[in-house]
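A, B, C and D label the chains in the order they appear, each numbered from 1.
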Amino acid sequence: MEFEASGIGEECGVFGCVAAGEWPTQLEVAQVLTLGLTALQHRGQESAGIVTSNGASPPMYTAHKGMGLVSSAFPPDALLKLRYGNLGICHTRYSTTGMSELQNCQPFVVDTLHGKIAVAHNGELINAHALRKKVMRHGVGLSTSSDSELITQLLALTPPMEEQDAPDWVARIKNLMTETPTSYSLLVMFKDVVYAVRDPYGNRPLCIGRIVPVSKLHSSGLWVMTIFVSFLVLRYYREVLPGEIVQISKHGVKSLSVVPRPEGDLPAFCIFEYVYFARPDSIFEGQMVYTVRQRCGRQLAIEAPTDADVVSCVPESATPAALGYAQQSGLPYIEVLCKNRYVGRTFIQPNTRLRQLGVAKKFGALTDNFAGKRVVLVDDSIVRGNTISPIIKLLKDAGATEVHIRVASPPIRHPCYMGINIPTKEELIANKPEFQDIAGYIGAASVQYLTVEGLVSAVQEGIASLQQKDKISSNNKSSKRVGHCTACLTGKYPVELEW
Amino acid sequence: MEFEASGIGEECGVFGCVAAGEWPTQLEVAQVLTLGLTALQHRGQESAGIVTSNGASPPMYTAHKGMGLVSSAFPPDALLKLRYGNLGICHTRYSTTGMSELQNCQPFVVDTLHGKIAVAHNGELINAHALRKKVMRHGVGLSTSSDSELITQLLALTPPMEEQDAPDWVARIKNLMTETPTSYSLLVMFKDVVYAVRDPYGNRPLCIGRIVPVSKLHSSGLWVMTIFVSFLVLRYYREVLPGEIVQISKHGVKSLSVVPRPEGDLPAFCIFEYVYFARPDSIFEGQMVYTVRQRCGRQLAIEAPTDADVVSCVPESATPAALGYAQQSGLPYIEVLCKNRYVGRTFIQPNTRLRQLGVAKKFGALTDNFAGKRVVLVDDSIVRGNTISPIIKLLKDAGATEVHIRVASPPIRHPCYMGINIPTKEELIANKPEFQDIAGYIGAASVQYLTVEGLVSAVQEGIASLQQKDKISSNNKSSKRVGHCTACLTGKYPVELEW
Amino acid sequence: MEFEASGIGEECGVFGCVAAGEWPTQLEVAQVLTLGLTALQHRGQESAGIVTSNGASPPMYTAHKGMGLVSSAFPPDALLKLRYGNLGICHTRYSTTGMSELQNCQPFVVDTLHGKIAVAHNGELINAHALRKKVMRHGVGLSTSSDSELITQLLALTPPMEEQDAPDWVARIKNLMTETPTSYSLLVMFKDVVYAVRDPYGNRPLCIGRIVPVSKLHSSGLWVMTIFVSFLVLRYYREVLPGEIVQISKHGVKSLSVVPRPEGDLPAFCIFEYVYFARPDSIFEGQMVYTVRQRCGRQLAIEAPTDADVVSCVPESATPAALGYAQQSGLPYIEVLCKNRYVGRTFIQPNTRLRQLGVAKKFGALTDNFAGKRVVLVDDSIVRGNTISPIIKLLKDAGATEVHIRVASPPIRHPCYMGINIPTKEELIANKPEFQDIAGYIGAASVQYLTVEGLVSAVQEGIASLQQKDKISSNNKSSKRVGHCTACLTGKYPVELEW
Amino acid sequence: MEFEASGIGEECGVFGCVAAGEWPTQLEVAQVLTLGLTALQHRGQESAGIVTSNGASPPMYTAHKGMGLVSSAFPPDALLKLRYGNLGICHTRYSTTGMSELQNCQPFVVDTLHGKIAVAHNGELINAHALRKKVMRHGVGLSTSSDSELITQLLALTPPMEEQDAPDWVARIKNLMTETPTSYSLLVMFKDVVYAVRDPYGNRPLCIGRIVPVSKLHSSGLWVMTIFVSFLVLRYYREVLPGEIVQISKHGVKSLSVVPRPEGDLPAFCIFEYVYFARPDSIFEGQMVYTVRQRCGRQLAIEAPTDADVVSCVPESATPAALGYAQQSGLPYIEVLCKNRYVGRTFIQPNTRLRQLGVAKKFGALTDNFAGKRVVLVDDSIVRGNTISPIIKLLKDAGATEVHIRVASPPIRHPCYMGINIPTKEELIANKPEFQDIAGYIGAASVQYLTVEGLVSAVQEGIASLQQKDKISSNNKSSKRVGHCTACLTGKYPVELEW
């Protein structure tokens, strides 16, 4: 399933880094930040922003924000501008609400009586509406509809600030966590440190690690980012725990506090990160996403076996699930489609009639591989149902005798209020009348989905086996018991919704 | 004197308009706003912004901001976006301070407990530093270094806001005027009205008028803008008085209040508006700027007569002063230079050696007009002294036997803290040692400036004669006594400077 | 009269330069060429091209062409690319015909058996159609509709080329001049020389001069260009004579030949260059254009005196004529309009109703200068009649009691086939019925034009007085007798038209 | 292997189409042409051009050319301009030589005595140098270094043209084929027909087919293109034979002539099309490229078996070969790398030190899939050897115990003079001393290449089996005997090289 076509989107990714050792650093902080943004680009292509600090007293902050991909938002002169940073945070944004686009772009920097802070935020505050009222009642004007501005003003507001007080941002962050339980993964930069904060339910991912020096002449450093994607210079250390505040500075990583959840509540990490958003080489809860997807494919083969000749998938995101299905079922894995890599980039609008050819124009059929055969086509999800139909037609025109659709996740039926952009209930194929005969509707021989139970077990199986091996993590109270947010599939939200 | 070369700049212009009669209006509000911005373009070329309101309850505000000239900041799709406005305010910005350029761009829109307001501001708060501290002590984070954000947060903050209260923005504006005496001309848009506010000293200009319908099918309306520049659709009505709050709505113009100055203080309208910034067809204090400049030229001829053959000027801004000098002195007015209109637009960087040719490359010498003659060259001001020198050389190379410089304003010697960007003290030619022999330094036969007294009398003479004629205005307390800010020439500031 | 509004346009300008002395030169040839193009920008804003040669054997030519103004067509990397040139030619283009825009852009470079030549051309071949047939009959395919490609292929074709022959481009140019008598001013670059060629009738201007070194470290050089516009580095030497081939090289200027006109024919320099196209500081036939225009104004005051109070003009091109009219008539010269310099640059399209405000939106009325007065408004030409009308209305609305239009040139009535783009006969106001009552049509109190005789005498008076003074030029056979092309005014073409 | 990194490139692709039935057609010719260009985008990303004809007498041709990808070269207004076309040809270009980039862009249109023709060309004339001399000796100036201009002028030149003659372009094309034997696939458009021409050796591919109507309301048509890539609207018919001239018009396809090769010579279709350039769903000589690549993988497993645990490849082009290797060897196929799809688009230049991380930054390691295992990594070719090395390091760092490289084609050792851009001999890894110990040099456990014989048999095996099945094609004389150009691998060129 293509991101663009599905209408599903994550709201943002965050990345931060701090150079270790002597400052001015030999680590190119601005370059590391843009590399981090690029690695998170699939979580937001609409705008991007970087703020660096030189870490001095008072600190000099430098910011650059731009629309579009990181590559166009950060031309060479922007990097030049940012070159004095010894630490920094950045943000890539998926969608924009509110009046002025660039204005909503993060990180936010505000000046307070205790100096400037910069904030980058991934997630969505479940009680945002009530918090806005509260802040405005205090006489604060809010210039955007962004939760991140709201967070920043909340940090400035409580407890009351006096000029003579020492800045105590940790107390302010803890206070914030009592005012709003989920969902956020947050970076707060103040002078020479970055605070990495994950909400008590751990709904959004956040992890930390080390930057290895490129050569003996260079500095090392620390990073924090939404999801880990491997780079030669980045080494994974661990996830930030639900409710944890971690301080990253030139002196290293320090866990400052873990704010607890209400008694009895489980963590609620977003299960859709596994299914859909994350890059296959990302690591959550100790396991690689590719492996989880492969397990989903195996589970699907158990739940929904098919009498067919070959297994394949729509390139490229469903490949691990298809390989898992093939391994479990014993059917051979083949390729059925090749992708024209240039079509996606084109803005040429063929007229209405040619547009009917739609999605399929992106793909060429590898006819010889499947002509005369019954094909199992594995996809990772079906959101709207409008892209799979022309692909099935393409395969049948090219000689497939049957096309069976197997979906490696359950149908999405409910909205997300914690940071994922999901099409309206009406647009979701699972809520449409035609879902009753989905196979007929899209022209498939049969359609079957993975069950919620199947998905949860495929995800949690790996964590269980890990926890047996790993003594240290099982001692840690917060992560001992396992739980995931499946609200978009089941309608069960981890906290009560306030309106 | 060319704006670009001098380094002097006004910080911004504002424009607002409201459609009269039935809404949705037949007046194209977005188009009128861009025309207004274009008319004010000479007061700011760095960025521009428009906010419109549909005037409904609650109002829908639409904003667009962009970098560069109005023409590039407002492409056709921006106008489309703004098309539902029945009223709106806009702003064009000269220079940018602070971290992110577009972020500082006005108008500012903020959401408060009483709804959204939009603010556009021309001027500079003389006690900005103290006010920032005050606001931040209240727990408000400030996201820009802009006075306009500060004004907006001050309006939200005092008096304290309660949800059940009716919005009373006029009380808040009055309170603001007690907190900061100068300098600002302000537009505040709330739902279906625009408040036009001028500070008690009247330091920055602001005037209002009527929009005449283009045909019988169209609506009329009201406008407010920094300076009046004639358009076929815009009719001048009057200036906003120092300290006055005027409300503009679909029902017409209404003067709500005039906040007084401290007893004994005179108005302090910026005298440099006459000398330098305003378009020659602008009207201040009842008189046309062109006429004032011509009077300056006449006064200069009286104060600094020359034994010469012809009078001319550097095109184009000094023409009225040169014509005034010619009329008073009896010497013939001729043209000595023609301008290559394309040179100014070029970004081609000739290398260092060719750059030495500098300013003069813009001009061609009209040799036949002055070869063998003694030329009086009138300029409106000499700020840095680095542009007049190559022009004198050009004229002498082309055959002028003597070039006498006569400057139709006094030398600038002091910084402005009320909204005008003036080069540092060190850069001002009047503060340099070479000013002692300025004529020798720039290669002129002689150099003479208009005196401060001469300038003030040339400006105030017209007002005096107007007040004799105009009974109504002489009854008005605020404008009865005449005064102008000459701080950049004399160092006497209208209010005490706070730091 | 504004160029843009009138629809009249010159087809192109050419510029060439050669560095003197040792090569690689210390003269920045690419920079000098872009400065030359900028100086000629008013003769063509649609596209521009530069070709440089390093002058070696074989030469390395480098070309860059681009659409739009010189400033956008030549970004810094284009100059970098051209930096090894020791000589070069360039071209700026007004209008484009033919299929592909950039393709028609000059200079043309072609490879021949005798090596590469580059050609830049200003003018229009009066027998182009017949010449194209001739070339194509020879088996040559023509890839553009441009006369310049045609000229280049003609140079390659005749006389027949043999590899062992020495290149003799002068013979080829002479042959070309026998095939096509007018109109062209031509630059032909071959290896290390530039040939400057003017057609036997001298219809298009062309002149040559010297480049003075910027400092002792730098080289001097030679230039050739359509019209001379003064620069600090450019010194005027003389015009290329009708029919003359001048060679410019590092060794200096050399007149190679003067191809004669048919017995009895006069030169036919385009009189409209004086009236309209040239910058006022340009020099033709020994006289400055500004002075000629002033004489036209004087002559107009004699032919068409007015009972009025003041004389003015539409800024800026008619100023010399207005000053001349004022001097001759004894009426005071004043300014009545000021121009919003930003309006012309805007691409914002106000809707149809606001567009009615048209041209007048560019101008502010300087009311005080003329309220209650009868105004003589001098313009340099009236081509279509659609721009003067709203200006008259603006002045009358602002208080002018009468507006008398005096036009400092005769009405245009005929097409030009020699390189000037003139609106169709139907669009010319002089050919419309409303011309019978032109004053009533445009709302003026009266309208009067300069006569053809008046124009010719104003132009030729200066040449006559020059020739009396200048013994050298009167010895020169070609320029002895004076003649001008007035075809667009009289319908008398200098040579018979072939179709 | 990534195209960008390897430095190998095909020079261009061509596409043409003609609407069948009544004109003006209901087939959107301009849209079909841009779709065709997009499908060929992988064969050239530097510039693109389209020329359409309305097919009338005389025809109106419309051209648009632009730099960059089809999507940026053809904005909506370009399509609007081309909308009257009933037939057209287009071209996408890989690399640019010569002075002015856009100028070299095809198709070329030239006006001749017999009317305008348009020419698009894929390939490189093996005797270009001698032909240029010949044309220039005739007095023709050549304005580009492009073979396509040369072809066009040759068509115009011989036989001699007379106005009264009927145009006979077929005779001219036949004459051209006797002057230059290879390599070219050529489209020549004249008025209402397109001639599709393939050189006698069939070195470059060219095929034809039918456009099926999108609905009953629409027209069908015919297409011709470099390689077939499946689209819903395009149906494959057959290849143009070596030496064949095919006419495509509204009346259908007509084979006009087959110009023979010298006695004894075999066809010489470029074998690298199979290995490298073509999209996997393309069809050459009756077989799908994907299948040929899979056979190459199988053959490689036979020639170079490995004692290892898993088989994988660098995504994405080597997948079929890797799957073939896995099938033949019995080892499991897994994925080892995932690609960051955004990295390739970035122009951010990390500094030198970060650049050392190079290629590997594009990929994330799917660690769990191969940690502790011995990996066979199949690649399609190794050209320079500088991209595979960091990938091997990445895999070993992530836990692979051994990495064996198997290359599914023989080493490239020789230049191509028939249209393929190959790095210089010095840059080719196969010609470097380190090739002796290539495995040590790149850090692999072992490296083995497919043999030339292995490649040829993998390619020709499919053709042989086809010819047995297909009676029609075996009757056709030209294609009976099979041969391929392997010059870049063996140094044996199909015709003698002239210089």
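Basically, contacts are C-beta pairs under 8 Å (C-beta built on N, C-alpha and C of every residue); 3 or more make two chains touch, one makes a residue touch a chain.
None of the values given here were measured: they were computed from a predicted structure.
Peer 1: Would you kindly say which chain has the C-alpha centre located farthest from the C-alpha centre of subunit C?
Peer 2: In terms of C-alpha centroids, the chain at the greatest distance from subunit C is A.
Peer 1: So if I superpose subunit B on subunit C by CA, what angle comes out, to the nearest 5°?
Peer 2: Resulting rotation angle: about 180 degrees.
Peer 1: What is the distance in Å between the mean C-alpha positions of subunit A and subunit D?
Peer 2: The answer is 39 Å.
Peer 1: Could you please state the distance in Å, as a whole number, between where the Cα atoms of subunit A are centred and where those of subunit C are centred?
Peer 2: Distance between chain centres: 62 Å.
Peer 1: So, what's the distance in Å between the C-alpha centres of subunit B and subunit A?
Peer 2: Chain centres of subunit A and subunit B, defined by C-alpha means, are spaced 49 Å apart.
Peer 1: Dump the list of chain pairs that touch, please.
Peer 2: Chain-chain contacts present: A-B, A-D, B-C, C-D.
Peer 1: Which residues of subunit C touch subunit B in their complex?
Peer 2: Spelled out, the residues of subunit C in touch with subunit B are 28, 31-32, 34-35, 38-39, 41-42, 69-71, 74, 76, 79, 214-215, 218, 229-233, 279-281, 288, 290-291, 316, 319-320, 323, 333-335, 338, 340-343, 345-351, 353-354, 356-357, 360-361, 364-369, 390, 394, 397-398.
Peer 1: Quick check on the complex: what are the subunit D residues that touch subunit C?
Peer 2: Touching subunit C: residues 61-65, 99-100, 102-103, 108-113, 117, 132-133, 136-143, 145, 149, 152-153, 155-158, 160-163 of subunit D.
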